[in-house]
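Take this structure, written in structure tokens, and hold onto it; I'll ask about it next.
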Amino acid sequence: MTLLYLAIIIWLLPLLTFIIQIFFGNRLPRKGDWVVVGAMFIDLALALVIFGNVIYKYNPDFRAVLQFDWISLGGQDFPLGFVLDNVTAVMLVVVTLVSALIFLYSIGYMKGDPLYSRYFAYLSFFAFSMLGVVLFENLFGIYICWELVGLSSYLLIGFWFEKDSASDAGKKAFITNRVGDFGMFLGMLIVFSALGTFSLEGIKNGVESGQLSGTLLTAAGILFFMGAVGKSAQFPLHVWLPDAMEGPTPVSALIHAATMVAAGVYLIVRIVFMLTPVSTVVIAYIGGFTAFFAATIALTQNDIKRILAYSTVSQLGYMMLALGTGSYAAGLFHLMTHAFFKALLFLGSGSIIYAMHHALHAVNNDADPQNINNMGGLRRKMKVTFWTYLVATLAISGVPFTSGFISKDAILAGTLSFAGRYPQHFLLPFFGFAAAGITAFYMFRLVFKTFFGEFKISEAREHIHESGKIMTVPLVGFAVFCFFAFYTAGNNSISLSSPGEGWFYDLIKPPEQTAMTAAEMPFSEEIYEQEELPAEPGASHSYAIFLSLLIVGAGIVVSYRTYISKTISAETWAAMYPRLYRGMYNKWYIDEFYHATVIKLIFVWSALCRWFDNVIIDGIVNGSARITVIFSWFEGKFDNIVIDGIVNGIANATQILGWFTRQFQTGRIQNYLVGFLIGIFVIIIFRMM
Amino acid sequence: MVDADNIIKDLQFFYPEIVLTVTILFVIIAELIPSIKKKLIIPFLSLAGLLLSIFFSVRLFDVQERFLFSNMIIVDHLGVFFRIFFALASVIIVLLSIPTFKRAGEYYALLLTATLGMYLMASSTHIIMIALSLEIVGITCYVLAGYRRSERRSSEAALKYMLYGAVSTGVMLYGFSFLYGMSGEVNIYKIRDILMLEPIDNLLLLVSVIFILAGIGYKIAMVPFHFWCPDVYEGAPTPVTTFFSVGPKVAGIALLIRFVFAGISVQVSETVEQWISIGDIDLQFMLAVLSAITMTLGNTAALAQRNLKRLLAYSCIAHAGYILMGFTMFTGAGINAVLFYVIVYLFMNFGAFIVVDGIALRLKSENIDKYRGLASRAPYLCFALTVFLISLTGIPPTAGFIGKVLLFAAVIDSKLYWLAVVGAVNVVVSLYYYFRIIKAMYLEKPISADELPLAIPRIHIFLTTLLLIPTIYFGLFWSPLREWTTFSLNFMLSID
Amino acid sequence: MITLDSCLIIGAALFTLGFLAVLTKRNAISVLMGVELILNAANINFVAFGFFRSYEIHGVLIALFVIVIAVSEAAVALAIVLNIYRNMRTVNLDEVDSLKK
Amino acid sequence: MSGFDIVFLFFAVITIGSAALVVFSKKITHAAFALMFSLFGVAGLYVFLSADFLAAVQIIIYIGGILVLLLFGVLLTVKISSITITTQSTQRIWGAIAGTGLFILVLTIIIRADWFIPEKDPGDIYFTQSRQIGERLMTEYLLPFEIASVLLLAALIGAMFMIRSEDK
Amino acid sequence: MGFLTLITFIPLVGAAIITFLPKGKIALIKKVSVAATGLTLLLTIIMLLRFDRTMPGINKEGQFQFVEHHKWIEVFNIDYFMGVDGLSFPMILLTALLCFLCVFASWNIDRAQKGYFALFLLLETGMIGTFCSLDFFLFYIFWEVMLLPMYFLIGIWGGPRREYAAIKFFLYTLFGSLLMLLSMLAFYFTNEPHTFNMLTIMQNSITYTRTFQYWVYIALFIGFAIKVPIFPFHTWLPDAHVEAPTPISVILAAILLKMGTYGLLRISYPMLPDAANYFAYGLAILGLINILYGAFAAMAQTDLKKLVAYSSISHMGYVLLGMSVFTSAGINGAVLQMFNHGTITAMLFLIVGVIYDRAHHREISGFGGLGSQMPIYTGITSFAFFASFGLPGLSGFISEAMVFIGAFPVYKYITVFAVSGVIITAGYFLWTLQRIFLGKLQDKYKTLPEISGMEIFTLAPLMIIILFVGVYPMPVLNLMRASLNYLIEVVHP
């Protein structure tokens, strides 16, 4: 329990620094960056304490929960709760470690920005919300922090708000995330209406006891996944992530590579017990397809951060694929390894961009500092960056002895065994392996184009410098974590070859029971044995290693031949399949599709609402003043009479009645007397009828 | 047979009228003496007469209901109520007229005669008394309408009023002749008693009743007998219009109450305050429809008016419609609401007209455009007018609101929901034009730069205040008024 | 021949003709003549009903007062008409329409 | 048809015919004279209805008073130079429709109605009527009698006021 | 004199004092206004401390607090009957607070200050009185008393089309209240003995026939719907808001709109339980329409104030949706949303007022990049926008989430669509934020002054409340939950 309180302190510390920073940031020395970074390192230390304790205990079922009343209505209550278990402990370390290093890095990267203190305020706010997602035991709490994560992402993406592209990207990120959150919220509603609780434990009990089952459960699972799709940038809601690269690079590293996007995966990990077969398959397919699909886009991009962004999308797809195919631990494991190497890649790119920016600025060249076509040969100028970058590239490609190798391999093995059991899902391993190959190819393309060859803008060459210590230290720090040894160290041994072993797998146990009971398995006639679930990479492991090595190797080789030895011409390939190339280059036109359909529809619809409001409803009340407006609208469609009929409303009728009445008021007394007489007649006739 | 003793005995219940008659004579004599005429004595003489008459009227409240002078008129609470009402109205009009008609003896004589006529209208039970009293009020009003002889509009108003009135009276008399023919009786109480027993031809009854309604209705400005109203109100001098808007109109209502409830319908039982009309002419529904049409027509026609007097004329038509709502269910509550409403109507309508008169004395115009930005030039009068208009609209916390509530309450109590809804919609419509005046005063910029405060005659300020206080007070504490009307609602004895 | 109905019909005819005069004559004095016809119609009714209905004398008395009413009305009406004439130099009713709408 | 009836008919025709002339004659002086005949006819009818006193009043007041008043009015309101004093008609169509309708309406109710028919012989009241009227005016009808005087007073003041030229 | 009489009539006394002050003494007039509203607020806070959170109220006189019950007009059984329960008290709190703040927001009213403040205080009396009244007649009088000052406040101190907006507002609302008047009379006569006592009317609800209930419910509903405003009775609102001066927009949106839903809960529900159940589905659909329609219409606006006005329509939809289900979360959420919307929308209008005072226009497209010129203002605006589109941690989220949670088990599909409204709302607010504050700053705004201390003073309390309720809503929910749970019991046993 003490550990849990410690965790809560970890959570609240960034909030405190956020408040300090927002109100007093500008008045503190060094604009308060030391407060934020210091607090984060304290957090890291605390997280390591917790982790150490957990490792020491070595209890897979360790779980500490703190519940408290939040909203109580007499009839219905909404308690909140925190949880500390092994997954949380691991995540805490990942988040605080990545954050701490990136915060440190930011001191160098953001130097001199006019909103320097605000930047750190936002960073702490992000850390606060992200840690909240990790710590909450309660879906409601998770959702709150989940949205706050989105908010901080919005603030940080749009940090340079004077750039239109940045503010656009921020908005896009937030709204796209909201679409996902919409799903998640509906999922919560389903769960709550069936079980009356948001607590994960309570939901688990409810699912196990069958209070929530069948289609509703499937729907809930898929809806939660929808939230994850938004946050983890899965197809089709992946569009925001590449745009989010408009933010400062450390932000991209922190949020859009390492932590926030992983929240989606984390959520699925948390609710895995309520996934029905159908939902898992949906998750697997979306994940697999995203992995493959994003990789193809990354192939042709030239913006260094965009390539990484698509690669992130792709890697997140992997994690989803893992969760969907039952490789629960592997997915989480990949989350962790990916966090480090992707953060490293981003920070490395940041370092490059920083250097490029200053170099180009020095010679007044307005070329894009992020375009890899403008780079080349940087390995000589920026040694630390190069080497750390290479390590990360190897890791992401899944070269042996890197962290990426073991985690990715576990996933691929998982898909293979899954497909082995259900041959009809052969596409899943295909997606996985194809993406692995393409990843290797484009990552090495990136490395080759950036660090090898000659620098493209020769006059600026002299101005390229390695970044300062404050930026390179985090790079090295992350690079260290790309080695397999950190992960495979088991309880008492270090395993070199077997990815399925090590402390991680001992700590992270898949939930004992899932919603997938045998009777509900719709996609296979085969009846499962309870103990076979979830499918762990086992028998297919060796095939997987072999196959992935082969494909990754091929990717690297092709990349080498294309960009270093130039025996393969990329242009020729592009010219051979122009449509394919253009499709990839333009991100398969997803953005354009959304613009043409959803967004346009919303705008047209809202304009219609306004029109309806101004013209029809007001028109009915106001009457004649609007006739002309309506007339122009309907001109040529209806004739005058119809329109008059529509818009002459109550007020008009009143006016007409008044006018009509006054027509009798001719001023001639004899007309009045006729009216008098006719009035009498009318009354009598009226009464006689 | 009637003997002299009876007549002499009855005279003591006739003091209010006698006082008034004597005052009229004094005024006429005073008018003839030049030295008196110069000294503003006549108005105060009239006031004294009216107040004395009120005094005697109040004393009549203690008297047991009885018929006087061989069933010609009746002394009952209702009649006394209206006597006091008319005398009060006339007091206000006399005061109001002082700046306009300083030394016009005929004017006050005619006004007092009209008041006497209204007294009689409220208490007549005999056909010929009804006709005579109507005619007294009519003739004096025709002349009053044309009191600015040399003004074209004024004399035109007189002509129209006169012709319309003459025809209406003729039609009414023709209608009465049929009632007489059916029953052989000349007292409306008796006519009712006879017709209750005899089988009657509905069409005949209907036509005669409508002919009679035409005579009464034109005084009330009830549709379709309202046509004269806007023209006459616009053309007549403003104090006279003010008088018309309440005096003869309410006299018509008094007569209508008498005619409808004592003449052509009977109370279900002694204890239940519910009447049913004789014959099978469903007068209630007819009145309901007429009421709805009257208020709708008045309100909608008022929407486009630019002349305030004309606008208020249409508003008077609309208010006639509201008041008629009280007749539609033939219940005590309805009549009670009517009585309440006419008092409230006296305050607010007089108030509005007096402000308009006061402003017109200075601006020489009643056009609404002239009222732009007036709030800064005559803040008190504009405030008062706003209150009166709010009250006329029927928005709390004014007496007008309570008046409407009681009317609506009576209607809803009898489950005539459609009429209530029509009434409600009409209130909304009326809001529009009443607030156009308020809008002009407060919301619009003045047309010209002469921002001098208006010098309003003191008597107008005084009268405005006098009317303002009850308009608000009775909006919050209306129990006494209601108790008075309930007390006055005693007119259902039948003839011996 | 001297029945109630015949008297009433004469009254009705007078009433209608009076009304007709009121409605159609331009001259204000002609209109006043129409009014007199209407009042006479009422009087005929009163007297006829009085005669046939109950032999009571009320009808006649009422008719007497109606004549008084007619007299006073005529006097004031003529004064008003003369006043109009003085102001407008016409007694044609369709020209007296400055107050309207 | 007795002689009585013929005379009655004669009066009826005079009454209605003259009234029609009032309506339809072009010249206002003709109309005034037609009105006189019509009122004469009515007076005659009063005699038939045994209201001889009323008939006298009709002739004296109506013809002698009101009609003369009206004639004065006619003469005062036309320029003396214009010889033809005509009175044109307005809104004839409306008038015709309304008039016809009115006549039909009134006629209908008169004929439909089931009037009370007397059984007694209207014999000797002829000679007592004037006396009765006098008595009643002083007793039962005292109030209307007095009020009528107020009415006449009001009319007097009003008419005088209206006619008098503006002093000041 | 009881608390309720005091808080109701202290502003009126203030108004009377102002009326007799000379025109020129503007500082004194303002001081009197501050004193009157401040005293009211103070008393309200004292009441808050004494408020018993366990007494349900609703239809039991003994369960009301601070009750004052005197005979007023005995002939008609009209009483001066005031009292508060958990339904009305949060609203009174809101009213007292906002009126106090709005006096400061009115500081730079530049003409006819005397009339302005007098009317403003009169308005406060009307509003508080409405929330306090337990006698239908009294309720109606206060209800109408609100209209008049509002008319003048919009009409005299409003924008260019103020006359039109003022009369439109008045016509609409008067029509609605007249229907309410008729319904009130119908109740009066249906009860034996006739009474205007709301609680008696509620207790007798079992005796009303269904037809009666349905018709009266519809009439009352139209009256309240205009006030809320519910589609399609809403078109007065954008006009009134756009033309009204800032503090009046605040009052209008934050309190007057609540009158409608308050009326439904206080009057329609407990008095006509059968009808309330019968029409609940329709109410939910109207709520949905309000949410989506308001949101879409807001998105298309180019005038910032109009946008905020439409957002109000949208947000009131949540209240309706929450009310339409008789679940604890739904109704509590709805009333909490009333409270929250009161604070949030007040902030929004104050914010619009700040920018309008500086730039003299409200065209969204006319701004841009203000974020660098007015960072504090930008921060506050973002805060308000976030609160308005339901960002967790701020109060709007809690109530919306509660409404959804409450509504979902009852009306699944409606709720699903309603939840999608949240996306649209976020969309237009973010878009607006972007268009006004983000991007390049235009040259003509380089001199725009930053938000002033006085303005921050009016906004800060609201921000604190929004944040506090967003984090820990229980203090507010505690006030209302006993009443509302009991209300559900009464209406939907």
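Per-chain numbering from 1; labels A, B, C, D and E assigned in written order.
Heads up, the rule we're going with is that contacts are C-beta pairs under 8 Å (C-beta built on N, C-alpha and C of every residue); 3 or more make two chains touch, one makes a residue touch a chain.
This is a predicted model, so every value here is computed, not measured.
Student: State which chains count as neighbours of chain A and simultaneously of chain C.
Tutor: Touches both chain A and chain C: B, D.
Student: Between C-D and A-B, which chain pair is linked by the larger number of C-beta contacts?
Tutor: If we tally the contacting C-beta pairs, C-D comes out ahead.
Student: Averaging the CA atoms per chain, pick out the one whose centre lands closest to the mean of every protein CA shown.
Tutor: E
Student: So, comparing C-alpha centroids, which chain is the farthest one from chain C?
Tutor: If we average the C-alpha coordinates per chain, A ends up farthest from chain C.
Student: Which chain has its C-alpha centroid at the greatest distance from the C-alpha centroid of chain E?
Tutor: D
Student: What whole-number Å value describes the gap between the mean CA coordinates of chain A and chain B?
Tutor: Here the centre of chain B sits 78 Å away from the centre of chain A.
Student: Round to the nearest whole Å and give the separation of the Cα centres of chain B and chain D.
Tutor: 31
Student: Quick one: report the Å distance separating chain A from chain E, using the average Cα coordinate of each chain.
Tutor: Whole-Å distance between the two chain centres: 37.
Student: Using mean CA coordinates as chain centres, what's the gap between chain A and chain D in Å?
Tutor: 102
Student: Could you pull out the residues of chain A that touch at least 2 other chains?
Tutor: Touching at least two other chains: 662, 665, 667-671, 673-674, 677-678, 684.
Student: Where in chain D do residues touch two or more of the other chains?
Tutor: 90-91, 94-95, 98, 102, 105-106, 115-116, 141, 144, 148, 151, 154-155, 158-159, 161-162
Student: Write out all the pairs of touching chains, ordered by chain label.
Tutor: Result for touching pairs of chains: A-B, A-C, A-D, A-E, B-C, B-D, B-E, C-D.
Student: Hey, which residues of chain A end up touching chain C in the complex?
Tutor: Against chain C, chain A makes touches at 662, 665-670, 673-674, 677.
Student: Provide the residue numbers of chain C that touch chain B in the complex, in ascending order.
Tutor: Those in contact with chain B are residues 8, 11, 15, 18-19, 22, 28, 31-32, 35, 38-39, 41-42, 45-46, 48-50, 53-54, 56, 58-59, 61-62, 65-66, 68-69, 72-73, 76-77, 79-81, 83-84, 86-88, 93, 96, 98-100.
Student: Give every residue of chain A touching chain E within the complex, in rising order.
Tutor: Contact set of chain A toward chain E: 69-76, 78, 140, 143-148, 151, 154, 158, 161-164, 166-168, 170-171, 174-175, 178-179, 182, 185-186, 189-190, 192-193, 602-603, 605-610, 613, 617-618, 621.
Student: Give every residue of chain B touching chain C within the complex, in rising order.
Tutor: Where chain B meets chain C, its residues are 127-128, 131-132, 135, 138-139, 142-143, 146, 149-153, 155-160, 162-163, 166-167, 169-171, 173-174, 176-178, 180-181, 184, 186, 230-232, 234-235.
Student: Which residues of chain D touch chain B in their complex?
Tutor: Counting only chain D, the residues touching chain B are 105-106, 108-109, 112-116, 139-144, 147-148, 150-151, 153-155, 157-159, 161-162, 166.
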